[in-house]
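Handing you a structure now.
Labels A, B, C, D, E and F are assigned to the chains in the order they are written; within every chain, residues are numbered from 1.
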Amino acid sequence: MEMHDAKRVSIVIEAPLESRLTNALDEAGVTGYTIMPVTGGSGRSGKWTRDGQLGRSGMVNVICLIRPERLDGLLEAAFAVVEPHIGVVSVTDAQVLRAERF
Amino acid sequence: MTDILDLAAANLISPIILSFALGLAAALARSDLTIPEAVAKGMSIYLLFAIGFKGGVSIASHGVDATLLSALLAGLVLSFGLPFLAFALLRLMTGLDRTEAAAVAAHYGSISIVTFVAATSVLESSGIAAEGYMVAVAAAMEAPAILSALWLVARGGGKGGMAPGLLREILLNGSIVLLVGAFIIGGLTGEAGFKEIAPFIDSPFKGVLCLFLLDMGLIAGRGLRQAKGVVSIPMVGFGVLMPVISSVIGLGLGLLIGLSLGGIVLLMVLSASASYIAVPAAMRVALPQANPAVYLTLSLGVTFPFNLTLGIPIYMALAATAVGGA
Amino acid sequence: MTDILDLAAANLISPIILSFALGLAAALARSDLTIPEAVAKGMSIYLLFAIGFKGGVSIASHGVDATLLSALLAGLVLSFGLPFLAFALLRLMTGLDRTEAAAVAAHYGSISIVTFVAATSVLESSGIAAEGYMVAVAAAMEAPAILSALWLVARGGGKGGMAPGLLREILLNGSIVLLVGAFIIGGLTGEAGFKEIAPFIDSPFKGVLCLFLLDMGLIAGRGLRQAKGVVSIPMVGFGVLMPVISSVIGLGLGLLIGLSLGGIVLLMVLSASASYIAVPAAMRVALPQANPAVYLTLSLGVTFPFNLTLGIPIYMALAATAVGGA
Amino acid sequence: MTDILDLAAANLISPIILSFALGLAAALARSDLTIPEAVAKGMSIYLLFAIGFKGGVSIASHGVDATLLSALLAGLVLSFGLPFLAFALLRLMTGLDRTEAAAVAAHYGSISIVTFVAATSVLESSGIAAEGYMVAVAAAMEAPAILSALWLVARGGGKGGMAPGLLREILLNGSIVLLVGAFIIGGLTGEAGFKEIAPFIDSPFKGVLCLFLLDMGLIAGRGLRQAKGVVSIPMVGFGVLMPVISSVIGLGLGLLIGLSLGGIVLLMVLSASASYIAVPAAMRVALPQANPAVYLTLSLGVTFPFNLTLGIPIYMALAATAVGGA
Amino acid sequence: MEMHDAKRVSIVIEAPLESRLTNALDEAGVTGYTIMPVTGGSGRSGKWTRDGQLGRSGMVNVICLIRPERLDGLLEAAFAVVEPHIGVVSVTDAQVLRAERF
Amino acid sequence: MEMHDAKRVSIVIEAPLESRLTNALDEAGVTGYTIMPVTGGSGRSGKWTRDGQLGRSGMVNVICLIRPERLDGLLEAAFAVVEPHIGVVSVTDAQVLRAERF
């Protein structure tokens, strides 16, 4: 099967900022992403768990598959949102089927 | 005095308070008892819908008296004003910096709807009526405190502030929309509508509140366990002092605008209570440097249980004395 | 005529309709009010169980009259047949291609159980009785429309169609199994069983329906916001015209087989309503080329609110006239 | 004898049992009907809270009779002891190795709170009273069996056993904490507290139980479908024989300590029932080599439905004979 | 710790197709996979969110760790299911402990 | 944007062991991780799904981003917990923003 190089960017960010991040991605021309739930975690700001939570608290994991040449634009857009906040950004090399969709 | 103690004692052994205590104890003992997030959110939607609806129905049946507008105004004044008091107290009593202090202050200007609901229950059990539109006052008090806090930070030259879209987000916050929306529905459908859905929004209400408070106890307990080292003794002092002072200010305003005894108590409770849903989310967006452990612990771990157990009886006693002596 | 208007007006200010309106308004205003998926699914399980059970109990206590079988047959005929009408209308009125038109048509042959439930409530409030087995007719009408739509596509040489296992999946669909299962349980346990669980499945029913409709309003509103550019004016016209025509066909069949006034109204409502749970899932499997935004917007964003607000009173008026004049 | 059959028949067509059957049938037919995890957990929290609370209230109003302590002791003895019997039977009847047999044995020493609740319902319908503190006995029986099983494995030189923290985890298990906590709350608030929240924890109780049993049927059915080849005929025999023997031991102890007829039946049911929540989680930590498919299938797929349908009427008949003849 | 090369395949697919995909994987001899929930996303067919959803809508993320030499078989099986539908397939190089299990 | 090499470790483990695993990670000095829910899966011990489940059953996915030199410590700590149980450990090369946080 023909595969195409891509970058897989994973952004773990506080739930109240989800729409700000996806808006920033949209503006940067990144229209493909998948949002996955996070039930707990630990980091410099301590441990937390989603159980019983009220309101829009907790974190989410936003995953983008993107052409390698567009990575920098995405990271800059994402970083502007994530920078002052709790959150983690990581990038992995990946390959995708159906590159025409990216 | 014995009256307050009696009321406090009766209050303390109600299923509602004991459920909170159970949750708190379970979390502190590190039990794995948890309530799924979706269930907790479902219960909070239920409570907001029910309380808003009942407020609207009460307006529909008893009519709007002249104090409605002044009560709404009083709520706005309190929500805008109390953060300044809280900010000053925090800077005086604790070592929190401007931003942290402002973030905490926003919580104390806003309100806790569950404390409001608990107070409503106690009033009902004591046979004291209150204005139905106090629900609308509660909704009006949710958001303004956030603006005051942001102004306090901005004035100090601090970073953060009104991110684009934040104002719309705050005002169209799910809790406010649901509370106000249900209030309007209740007002439009009145007693007839209430009768149709009372077996859902009225009869099981207290029971749902028990489970909801169980969850709040669990969250507060988990928070307290993780807040070691973050929250100092003076901060805890603030968490108890602030609601008492706020309640007295609420009492003054309530007397001024001529609310009933029940209405005054509810205005005191709204003044005294601190937010733990809408404001924390807004603070994560607007003041991300502020540590959530501080404001959540104070609001949910100190002030909420204080109000629930001792606060409400105290405010009722104060209000009774003031109204009786007026 | 004033009667219809009165009924429509009374219908419009019921807590149920207003809850839908609240959800719609909140979503259109981009409030972050949401109901967790698990809670929404929990409520839909509750509603299906309750409505099925009550239908079965009514059979157990009033017995099965001779029209049961003809009513089931009428339901099957409608569900198989209406997609052809919808398909023809869509090809005539809108620019949708065969596959898109067939996918939409499948939705209009199938039914919306919430519309059915809302109509039952209105009938009850108006004191009009209906055959308990109409629930079984509703279940019978869920699936056949899907087959008609697939046949329409296949006849046109289109891709897609009966994926292996799809038929079993459609017939053993969770909603159908729960509705039919609860119907059988209600039939077996009868009044005695009903009394045991009535405080759960009966008293709070309307209240749960309010929250469920709040969620449907939220979903419909979000859908409408995203459907800009996808749904044209003629399609909206179809979404209003189709239910009216279908209801008249349902009326004819109902008169023919001798249903009671209430039964006729429910058959009309089933004919007029469009699916938004079972059929969309089946279409994603069988006709993936068809754009879900089109059929969900029409079914949930146009036809559902139309039926809920104006449709039900109109169908009741039509049925009353027809039965009165028969 | 006809009495048992009548009771069994009446029991079999109750909405509760039929809901379980519906779930089982739906899962075996591979319907996609599912209840979201959060909703299932929410219902189990509701049931534990309600049953614990009601037990506490009954203590508060009827007082503690002298047999409370002996009943608790009897429960501990049963929970510690029954795993040895189960282990011996399993080694005799089936080919399970020590570890697998011990893991299964732990489940049969512990209890199923839903079976307990179902038995309470049947007793109520039959007008037979039971000691309110049997709920506390149920809580006491949850955990000890786990220790016996681990001892059985350790004695055989097997791997696994008391991982650090496991004991605390078992004792502070969410179900136990909630059951005991609600029991204490019920005891403290008594009838007054009960009246406040009865429309939540009492009236809709049986209805919620129906939906919960629907879910248990779905889980059991899915388990049975996947257990092909894992569970042998002799194991199924054990799953039916073991509860009957256990119930007779429970009967003996119940007579010995002088429980009422209702109390004896409940002690028999506790003895006969097998855990499917707390113990499986503990076994995954302590005895990971044991195959969960084996113990879950036996407990949930064989013993649970047996107790629910035939077991409870049989135990009631046995108890009635024994008490009548005593 | 000894690690073994593997491929990590992530397939984001519409929920109503989940069982079809896992059946296809089973038939292709892929018996190990993990299914993770997705709460929202955006792509060529627009944005969506799981909140309040009814029925079996939304998407899921199916993740397979697989020996590199078996990748092609898996991709063909997956592609046959995903092709006419909304969905994204990506592959990452990975390493696994306990290779005897793959 | 400056990126730093890291390893992304994903551990799929039974839910009742979640706290044991995170405690072991804490003790090994790994204080950053994200816990994501798993709704079903298939492996040597058969298929399972989270729907309708009672109790603390099911599995969770614990994800750690870690400096490459710390990988072995993490894997040993994790393996001690996972080894006797059902579960899968995989590692991917990744890059992270804000390495000061790791």
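FYI, a contact is a pair of C-beta atoms (placed from the backbone, for glycine too) under 8 Å apart; a residue touches a chain by one contact, two chains touch by 3 or more.
Quick caveat: nothing in here was measured; it's all calculated off a predicted structure.
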**Prompt:** What is the shortest path, in steps, from subunit B to subunit E when you may only step between chains that touch?
**Reply:** 2
**Message:** Among the chains here, which has the CA centroid at the largest distance from subunit A's centroid?
**Reply:** D
**Request:** Averaged over CA atoms, how far is the centre of subunit E from the centre of subunit F? Could you give it in whole Å?
**Result:** 19
**Asked** What whole-number Å value describes the gap between the mean CA coordinates of subunit C and subunit F?
**Response** 45
**Asked** Between subunit D and subunit E, what is the gap in Å from one C-alpha centre to the other?
**Response** 39
**Asked** Can you give the whole-Å distance between the Cα centres of subunit A and subunit B?
**Response** 34
**Request:** Two or more other chains in contact with one residue: find those residues in subunit B.
**Result:** 32, 34-39, 41-42, 174, 199, 203-204
**Asked** Among the residues of subunit F, which are close enough to touch at least two other chains?
**Response** 36-37, 49, 56, 92-93
**Request:** If two chains touch, include that pair; go through all of them.
**Result:** A-B, A-E, A-F, B-C, B-D, C-D, C-E, D-F, E-F
**Item:** Residue ranges of subunit D in contact with subunit C within the complex
**Value:** 13-15, 18-19, 22, 25-26, 29-39, 42, 199, 203-208, 210-211, 214
**Request:** Spell out the residues on subunit E that touch subunit C in their complex, using ranges where they run on.
**Result:** 14, 16-17, 20, 45-47, 49-58, 84-86
**Request:** Show which residues of subunit C lie in contact with subunit E when the two form their complex.
**Result:** 34-37, 40-41, 44, 159-160, 163, 165, 174-175, 215-216, 218-219, 222, 226, 276-278, 280-282, 284-285, 288-289, 291-293
**Complete:** Per the touch rule above, subunit F residues touching subunit A in the complex are 1, 3, 6, 8, 22, 26, 31-37, 60, 65, 92-98, 101
**Prompt:** Can you list the subunit B residues touching subunit C in their complex?
**Reply:** 36-39, 41-42, 45-46, 49, 53, 168-169, 172-174, 177-178, 181-182, 184-185, 188-189, 193, 196-201, 203-204
